[in-house]
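Right, one structure below, let's go through it.
We just call them A, B, C, D and E in the order they show up, numbering each chain from 1.
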Amino acid sequence: MDLSTGLGLAFGIVVLCTLILMGGDLGMFLDVHAFIVIFGGATAATLIRFPLSSLFHGFPLGMRFAFTMRRWTSRELVEEIANLAEIARKQGPIGLEKAEVEDTFLAKGMRYVADGYDADFIRNNLERDMDNFCVHLDEGQKIYRAVGDCAPAFGMVGTLIGMVQMFANMTDPSKLGPFMATALLATLYGALLANLLCLPIADKLHGKLLDEETNRTLIIDGILMIRDSKSPALVREMLLAYLPEKHRHEEGEPVPA
Amino acid sequence: MDLSTGLGLAFGIVVLCTLILMGGDLGMFLDVHAFIVIFGGATAATLIRFPLSSLFHGFPLGMRFAFTMRRWTSRELVEEIANLAEIARKQGPIGLEKAEVEDTFLAKGMRYVADGYDADFIRNNLERDMDNFCVHLDEGQKIYRAVGDCAPAFGMVGTLIGMVQMFANMTDPSKLGPFMATALLATLYGALLANLLCLPIADKLHGKLLDEETNRTLIIDGILMIRDSKSPALVREMLLAYLPEKHRHEEGEPVPA
Amino acid sequence: MDLSTGLGLAFGIVVLCTLILMGGDLGMFLDVHAFIVIFGGATAATLIRFPLSSLFHGFPLGMRFAFTMRRWTSRELVEEIANLAEIARKQGPIGLEKAEVEDTFLAKGMRYVADGYDADFIRNNLERDMDNFCVHLDEGQKIYRAVGDCAPAFGMVGTLIGMVQMFANMTDPSKLGPFMATALLATLYGALLANLLCLPIADKLHGKLLDEETNRTLIIDGILMIRDSKSPALVREMLLAYLPEKHRHEEGEPVPA
Amino acid sequence: MDLSTGLGLAFGIVVLCTLILMGGDLGMFLDVHAFIVIFGGATAATLIRFPLSSLFHGFPLGMRFAFTMRRWTSRELVEEIANLAEIARKQGPIGLEKAEVEDTFLAKGMRYVADGYDADFIRNNLERDMDNFCVHLDEGQKIYRAVGDCAPAFGMVGTLIGMVQMFANMTDPSKLGPFMATALLATLYGALLANLLCLPIADKLHGKLLDEETNRTLIIDGILMIRDSKSPALVREMLLAYLPEKHRHEEGEPVPA
Amino acid sequence: MDLSTGLGLAFGIVVLCTLILMGGDLGMFLDVHAFIVIFGGATAATLIRFPLSSLFHGFPLGMRFAFTMRRWTSRELVEEIANLAEIARKQGPIGLEKAEVEDTFLAKGMRYVADGYDADFIRNNLERDMDNFCVHLDEGQKIYRAVGDCAPAFGMVGTLIGMVQMFANMTDPSKLGPFMATALLATLYGALLANLLCLPIADKLHGKLLDEETNRTLIIDGILMIRDSKSPALVREMLLAYLPEKHRHEEGEPVPA
């Protein structure tokens, strides 16, 4: 569970409800027109923009991954892999079968090693899995960004439609208020969809994509080293050396000022 | 048929009609002024921006390609080419003549092989075809993007012209409503043309251009290998090895979470 | 004559006049205030932005080149050069003097060859000409783009000045209309100058710059090959091989779908 | 203490207060709605955008570093390191223990040298510290920039919410004023948060990040040279040679015009 | 004196005054509120954005350099250096002391040669001068661009503050005019500061930075060749060969169409 995504969304909803309830009732801010134009318009534009297969894979994967989190940092992952290397050295590859591994990708690799597949098969299969996963995660990121980019425009479209209807039927200017309020809701929905939901999620997915690429490459390298019966110390040292700077020191060592 | 483009457009039109009919009649949203300023202005700016020959080739090709789709993914294409290699090995190049090939580009290459042209001739002709096609597809993408970029500006121009006429003739403020509604239509048309039609189509064409470059390079390589009487297994293996990561695993294998 | 630039401008003017005349008279849209702020402001900012020499060379060259067009495509140019190589081989360099060459740059090179200048002299002179030309064309493109970028801002400046004067003198709100109409004209002028004239012309000049660099490099290479008495067939083959993909197949061969 | 950040903030507050007090009382510009929407919205979006750990490290480090300043320029740092080399040569590494070094990063390195750690240990430890520091500083910069990018959008959201409530409850247009004033405050808060605080701080942090990377690399190189008992003159010369151009002449030598 | 900067500014002021006087008196456009918010706000944000030392060096240097101009083009500079090489060959380095050299940077180099400093010293000193100069010019460019980027935002801040005060105190809508006029002045000031002054000056400084880098590199190379007693012809030829294309043909040779 990625706490900050959930916290952020919950906090955003609380903020919105507080604001709305401070100045009136919630119903004033619900409007089926605005809902149709924003969600309908963004859906239509996104359908045209991407192939169907990207949408089916990227959209739900992106949403799921924005809320879930790798249990370990790169550094902990290296320790975990070194532990597995220790087990493999003491008990042989068979021992890996009984090891409990939470990360599904690492677990899959361990099973391959325990089953005695050769290195090429393992590398090919895991790399295909990883490519497949990263392509879908990147598609997810692009879809959320595309929705975030067009939502404000459809907000404006909704408000314009509302204003055209309002002005065309205008007989008594003093009755414009409620119509204007409704027309503005579409712009509000568009701004919220873009700035509170889609663009932040696209940014988070982009960060996660970079992290997963590092971590899965790390896991593949580690698994192949375990298959070659490298010593746990060597596994740890080589994996740490491969880490890009950013991941080498993720733990909060005190920062010298 | 590219389902998502058609679906998206149809859905967009349904959304717009629903919104319009919920708040009044459709006629209120039809205005010849707004139509002239958006389509006339965008046409004028696009004519100045591009050479005539780009417009004639790129515009219709782009529209056609946004709605059509390659029948096979890269992976299926490799299988198809491997099948053709099988036929060529069993029946000789002559056998290719009778093979049914749906993709016109692949079919053309097969005919060349069946007719016994030499490798240089085949490569030159197919690469020229492919370059020609990709140049026109890229021009199409640029034209749709340029129209999408200038449409909102011409929407503003149309609204400004309407407002100038409205204010200049203003005698009774209470009669402003219908004029204002008409003036706003140009901005609405511009936003819809850009965000619902042109920019999404430009994005889709960009994605298709990348895919077609991969697929046609694949076909050319495959055809030349068949002409050199390579074994079907080798053809399949080498073509798969050439595929960029993204295309290697297009099929929806279950994504490891 | 570049048809599309002229057509686009003419069409843009027709569209504007139609719109204006449909809603009133033309005089309503002419305002000396708006004219001064847009053209004065854009001129002032452009003077500060560029050195005087760039403005003197780039501005008129850009305008001229947006409307003129190279008579031949790269492919035809290669044929023309091959014909000249044929003449040179049959009649000797002297024969080139009598050959009619429409392109002034090619003609200049031919005269150098006919006069028997050495290859270094010819290359240096023609490259200097070409650099000089491309630098000025690029300056022209940058100037039109800079004007197009600042014109909407000066449109806003003009409208703000008009609104400040209107509000400061406001006594009777019902008389605001005509003042407001005039104030909005500056924004209208700025949007038109940018989106109908300057930005499209800058884009077209950018495309022409890329084409001219290819064509003039082609001409220089061809002239030097003629001076070295290469055979026409070799000239044609080598020049075609040098062409970047895009220019190799400019002619509209049927596009395979 | 980085004078310009403090001065800028103080000056900004003075300017705002002056403006506000010239036209009324301060209370008119305080509004809990606007405060909630801007700070709540920006917090929610930032929580979604970044992982919690980046927020905890990057945010306070960025704020602290925007206001503090390295006491020395790169050039002075080279002198300081050369002085320490002098001490190390005269008194042995032990002498470094008593040397007073203000910069905590340099001090840490000196302690390592005095304690006789080997070069690899020193380099590894200091580089890990430096990477760690730079990653957090970069995260800080990105967080401030992300807040600055979304604050105006939440300002618009706040104003839209206010206007919807205002229009929905509108009975007497003449009483709209105070509601409108309150609604506009959110836009004002958003613009100030972005343009007066977050974006300038992000820019300053970006500049400091570049400087710190240079300076800490310089310190690590210098400490290792001192550990190798290089002569002070050589240390000075080599460190100056490593400096990128910009840092070589930071001192205000008269600029030739 | 860089004519175009001065001309542009003068022309811009004339345009503004004409517009203002055509529609009323100048006093209507002077407002201390707007002045404070634009200049105060931009100053505060710029102080936070840059270190004090950059501001002290870059700001005045940028302003000075926007208005001054190198007396010679690169081509003329080569001639001047070749003339000095001629003098040095005829009269020995001593002769350079009496040569009148207007360019202060070239003059400084000549003095070094006349005084018999060795090549390393001369190169080091001149390169340090040049780096120093270019760093400050680049800082100047960045400062003007940053001011130009934030000025419109502070214009909006000023207008928002004015509108909040206006709406909060609104009792009689018919008296809103003068308050609205004043509020809009801040937006007007911001747009003018950005589009008429800061952004064009930043663009001009960017162009000058590129030119000065070329010219000063040219001067340093030339001075070192003179110190090595190279022949004037060789100096001219080598310097011309070093020139980037753009500077080789600055003089207005007739452009072939």
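Here is the rule we go by: a residue touches a chain if its C-beta (ideal position, glycine included) is under 8 Å from a C-beta of that chain, and two chains touch if they have at least 3 such contacts.
This is a predicted model, so every value here is computed, not measured.
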Ordered by label, the neighbours common to chain D and chain E are none
Indicate the lowest number of steps between chain C and chain E, counting one step per move to a touching chain. 1
With touch defined as above, tell me whether chain A and chain B contact each other through largely the same residue numbers, more than half shared, or through different ones. different
Matching the CA atoms of chain C with those of chain D requires turning by an angle in degrees, to the nearest 5, of 145
Between chain B and chain C, tell me the centre distance in angstrom, where each centre is the average of that chain's C-alpha atoms. 28
Rounded to the nearest Å, the gap between Cα centres of chain A and chain C is 46
Shared-contact residues (touching 2 or more other chains) in chain D: none
Thinking of each chain as a vertex joined to the chains it touches, would you call that graph a line, ring, star, complete, or other? ring
Taking the contact definition as given, in what order do you meet the chains if you travel the ring from chain A through chain B? A, B, C, E, D
Touching chain B in the complex: which residues of chain C? 2-5, 7-9, 11-12, 14-15, 18-20, 22-24, 28-29, 66, 69, 174, 176-178, 180-181, 184-185, 187-188, 191-192, 194-197, 199-201, 203-204, 207, 245-246, 248-250, 252-253, 255-257
Where on chain D is chain A touching in the complex? 33, 36-37, 40-41, 43-53, 55-57, 61, 64, 68, 104-105, 108, 128-129, 131-133, 135-136, 146, 150, 153-154, 156-158, 160-171, 173
